[in-house]
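Same chain, two partners: chain A is paired with chain B first, then with chain C.
Let's look at the complex of A and B:
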């Protein structure tokens, strides 16, 4: 058995273009946050470079894949790569879930005097440690200016429950799509893919609607620790759903172009894994952010 | 299939391209390893220059050279540059050079991604260093960037620092994914997991630490970013958050991080000691299991960095005992190294000198770590120069020593030439003596109560600080000699054999020196693998 079949590409400019793109984006974003006038256009330029890079890099890989350059071993490399990339994403969300649990279980009760913190409540008269934390210490202590809060909670069994159903169903439809792909049922495959994307887009639409209601009812990023964890967790999840939906659309396009066959379709599987990961994160969100 | 072989065969013969753009486009593991190593070395010199500034200010009591704010910027950037710019990239560079050769692979599993992992670094470094020239100066809150110093009270440049950390973390995660895919998927079909050399094992385990820890760091700096710019309250008690929460999240990354920086060095030492003691490595399997145990434990001990920050006593006890547990697998490793050289026919070539001094000096750092891990003792040591002495013994005479030992050990394989042995030994003794002059007195300073990260100190600390600074300048200068030895080797070195060390084992020594551009086009056989394996 020889390694000569393992494809080693030679010479590529896409990575350095990607580095230029991502650095430009970050420099633009940092300046935008500091109200520098050229921040936004520079960030836009950076994002454009990034999109250009993705088209170019993925395009190259797709062409190599179609022309049969990759063997089984390369396929296994992609599988390892995608699995551990998803694990790194899991750990990114773990940081935010960790912050949520730390606040709920430890630091908010401590602010209210739990454990050996009996003098802490003296700092803010009338502070009650509750979760969700509606009245922050700042809202009480400093004339109600810092983190002044008064918001209504999102109803668990309204939009969030519907969204749970949508996302779980999309997990089922993508599995049906995979079965159709493996059996070579092209029309069923396309139908299930469209259903999956539609469910994802519907989810995003409801999520935006829910944000609108929450914001209208006073729940903002600046509403203290509840708003912080709520928006960062659901926001990053929503961002991942958006990315997942874009990837699914690309896969649908590639299905139309006839890029996959019943044996060889790792790109489809990788996106399906990602979609399931987004699904599982949502379950965590539904239980710990919206429900309990 | 025929087309595929043709692609590979065509590529094999043209080898490296000509011109400078080769280094931008390259997908070759040796080119990328070289880029990583030179980048790390230049960052080492830069971070070292910051350290020289720190030691110059601390040469005498009182404020001489800089205002305290700039001193704080120097300590912060020294730490960040050394950790993220020098030590971590140097080890990834070693991994790039060595892992494909050690597992009998032609190259890394994901060559384009490999290029990106490197080519993010110069951009991240540039963004990080540009903060020096911004209004309000560079970040000055220490490399641990605790909130609220890094949120409420930090200069605007902190947002650039945050994005630099994002990029550096991105590079590490991509690099780690690549290494896992290379080790598990590219190793010779006849190589079993327990045939793998220890450098490969330690890097495989380190990759899991990177993928587990770096995204958490990304989460921490993202929370900082939103706290600073979008009014969230993660680390602000007035909004119901907690600055201590920052420390928990940071050290959940930070403690695995210290093992990320030392485990590959353990691997390097486990290659060098057997070669120059002319004995097989003692306890191969226990070395593997000890490394995995250390990695596992590193995830569940983080709050021993925070004993004085405030936590329930039960928490302090748990984190103290869990920390003590790490001494067991670490002890297994140190005893195995000692047993490896026990009654060996030792010779003392330069790599061996670095490896032997690693065992002794790293163990000193390990012991001072044990002292710091004991809660009642830590109340005395916390945030003093004792901590500075401790982590410089594990990071300089541990991690950096492992890197330098590896450079001398594998330089003949990389360049095909031999370095100047006399100069190598002069450099070793110069660095080894001076590093102890810098850092050993800092133990006494810390025990006597000198706080870290302060530009001025009371008179009773003057003598030891003077000694430490003199040692610091000498140690800094030793790296000029190091650079000379490496460049001299590349330019004027005598040709080296494919196996320049008489009893070295490992598949990399079966390749010519310098190693061919594509390491193994035909994977080694079972017999070759067993012949070169580390277990006896």
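Let's look at the complex of A and C:
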């Protein structure tokens, strides 16, 4: 395409369908939280509309891309769009890691009398500032006693280490897939992609098993600051692995359709970077939750 | 020992960021930079995992689950 001017999108109804989907989802969610009987089905309907919108809209973009409608300028906007998406993802996980560090390094030691807080140990008799925080202090108005949340910690060399090995292996396989794509080795690319997706799915299976064990051992979302940071970080990470595995499956489908070549494969690059990012988040989790 | 682990993590984050810059730039040069940075990223991550196992085996570092339980 010789015309390198700014690309003006044609008229499309997908944004309207997306808005209807999001609104329906939130009306359903709000009513679900108020225990209204139709909350859950309406939310389900909203999510179905959203999935329908994604299929339709992304499909339209893919078809436009392979029909040669896009120029270099459009390519740049895709790259910028991906980088803003990544920026929001980095800030999202930064907030949760920030909460973990704040609790561990500042607020829990303060409760134990660190820095200039010499009177705080008086608030809860017998409170010990340890991490993981086993004894969570109760509300002051309710007698100010420390109550035990009593949970067993997950064994680092059990499932967490296996899961780390699995996810790191998937990082290796996607790197080989990337290499194969750049060299134009189609069969190797497909094989490495399948291996990456399989490792991701296996990771999710083990993660569900680990949640089962942790929950059985008394570690719940309500088990004080340790339980909440543990489940929020690992839970949102697991959600991201799920999304990543879906994106990889779509890319695998597109590879089989012959949408990419060794020079032009931005969709693959975007998803590959995302997978590496999710891998690094897990490595951070493994190190800061289970080790340091 | 913690410092070494954190230093490796910082280098991993730097490689991931460098890959992002390559992806943003695009073209042959950007694509090469992205691939090389991602390869460095995964190599360092595998090294860190093996290092943690080795350090734990040698008793240089202890996982969090040995902290007081009920």
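The rule we apply is simple: the second predicted complex is superposed on the first by the 276 of 292 C-alpha atoms of A that agree within 3 Å, B and C clash if a C-alpha of one lies under 4 Å from a C-alpha of the other, contacts with A are read in each partner's own complex, and residues count from 1 in each chain.
Quick note on the criterion: a contact is a pair of C-beta atoms (placed from the backbone, for glycine too) under 8 Å apart; a residue touches a chain by one contact, two chains touch by 3 or more.
Computed from a prediction, not measured in an experiment: that's the story for all the values here.
**Q** Now for A:29: first (chain B), second (chain C), both, or neither, which partner does it touch?
**A** In the superposition, A:29 contacts chain B only.
**Q** State whether A:187 touches chain B only (first), chain C only (second), both chains, or neither.
**A** neither
**Q** Let me test your reading of the model: by the given contact rule, A:37 touches which partner, first (chain B), second (chain C), both or neither?
**A** Neither chain B nor chain C is touched by A:37.
**Q** Tell me which partner A:111 touches in the superposition: chain B (first), chain C (second), both or neither.
**A** In the superposition, A:111 contacts chain B only.
**Q** Contact-wise, after the overlay, does A:175 reach chain B, chain C, both or neither (first, second, both, neither)?
**A** In the superposition, A:175 touches chain C alone.
**Q** On the A-aligned overlay, A:276 touches which partner chain: chain B = first, chain C = second, or both, or neither?
**A** second
**Q** A:76 in the overlay: touching chain B, chain C, both, or neither? Say first, second, both or neither.
**A** It touches chain B and chain C both.
**Q** As a test of reading the superposition: which chain, chain B or chain C, is in touch with more residues of chain A?
**A** B
**Q** Is A:290 in contact with chain B, with chain C, with both, or with neither (first, second, both, neither)?
**A** It touches chain C, and chain B stays clear.
**Q** Looking at the overlay, what does A:85 touch: chain B (first), chain C (second), both, or neither?
**A** A:85 sits against chain B, while chain C stays out of touch.
**Q** Counting contacts the way the document defines them, which residues of chain A are shared by the two interfaces, the one with chain B and the one with chain C?
**A** Residues 76, 80 of chain A touch both chain B and chain C.
**Q** Across the complex, what residues on chain A touch chain C?
**A** Those residues of chain A that touch chain C are 75-76, 79-80, 82-83, 86, 130-132, 134, 148, 150-157, 161, 164-165, 168, 171-172, 175, 178-179, 182, 263, 266, 269-270, 272-273, 276-277, 279-280, 283-284, 287, 289-292.
**Q** Residue numbers of chain B touching chain A in their complex, please.
**A** Contacts found on chain B: 1, 3-5, 7-9, 11, 17, 24-27, 105-107, 109-113, 115-116, 119-120, 122-124, 126-127, 156, 159-160, 163, 166-167, 170, 173, 176-178, 180-181, 184-186, 189, 211-216, 218-220, 222-223, 226-227, 229-234, 236-242, 244-245, 248-249, 252, 312, 518, 520-523.
**Q** Taking the touch rule as given, give the residues of chain A at its contact with chain B in the complex, in rising order.
**A** The contact residues of chain A facing chain B are 1-16, 18-20, 22-23, 26-27, 29-30, 33-34, 57, 67-69, 71, 73, 76-77, 80-81, 84-85, 87-96, 98-99, 102-103, 106-108, 110-111, 115-116, 133, 136-138, 141-142, 146-147, 220-222, 224-229, 231-232.
**Q** Could you list, by residue number, the parts of chain C that touch chain A in their complex?
**A** 2, 5-6, 9, 12-13, 16, 19-20, 23-24, 26, 28, 31, 34-35, 38-39, 41-42, 45-46, 48-49, 52-53, 56, 61, 63-65, 67-70
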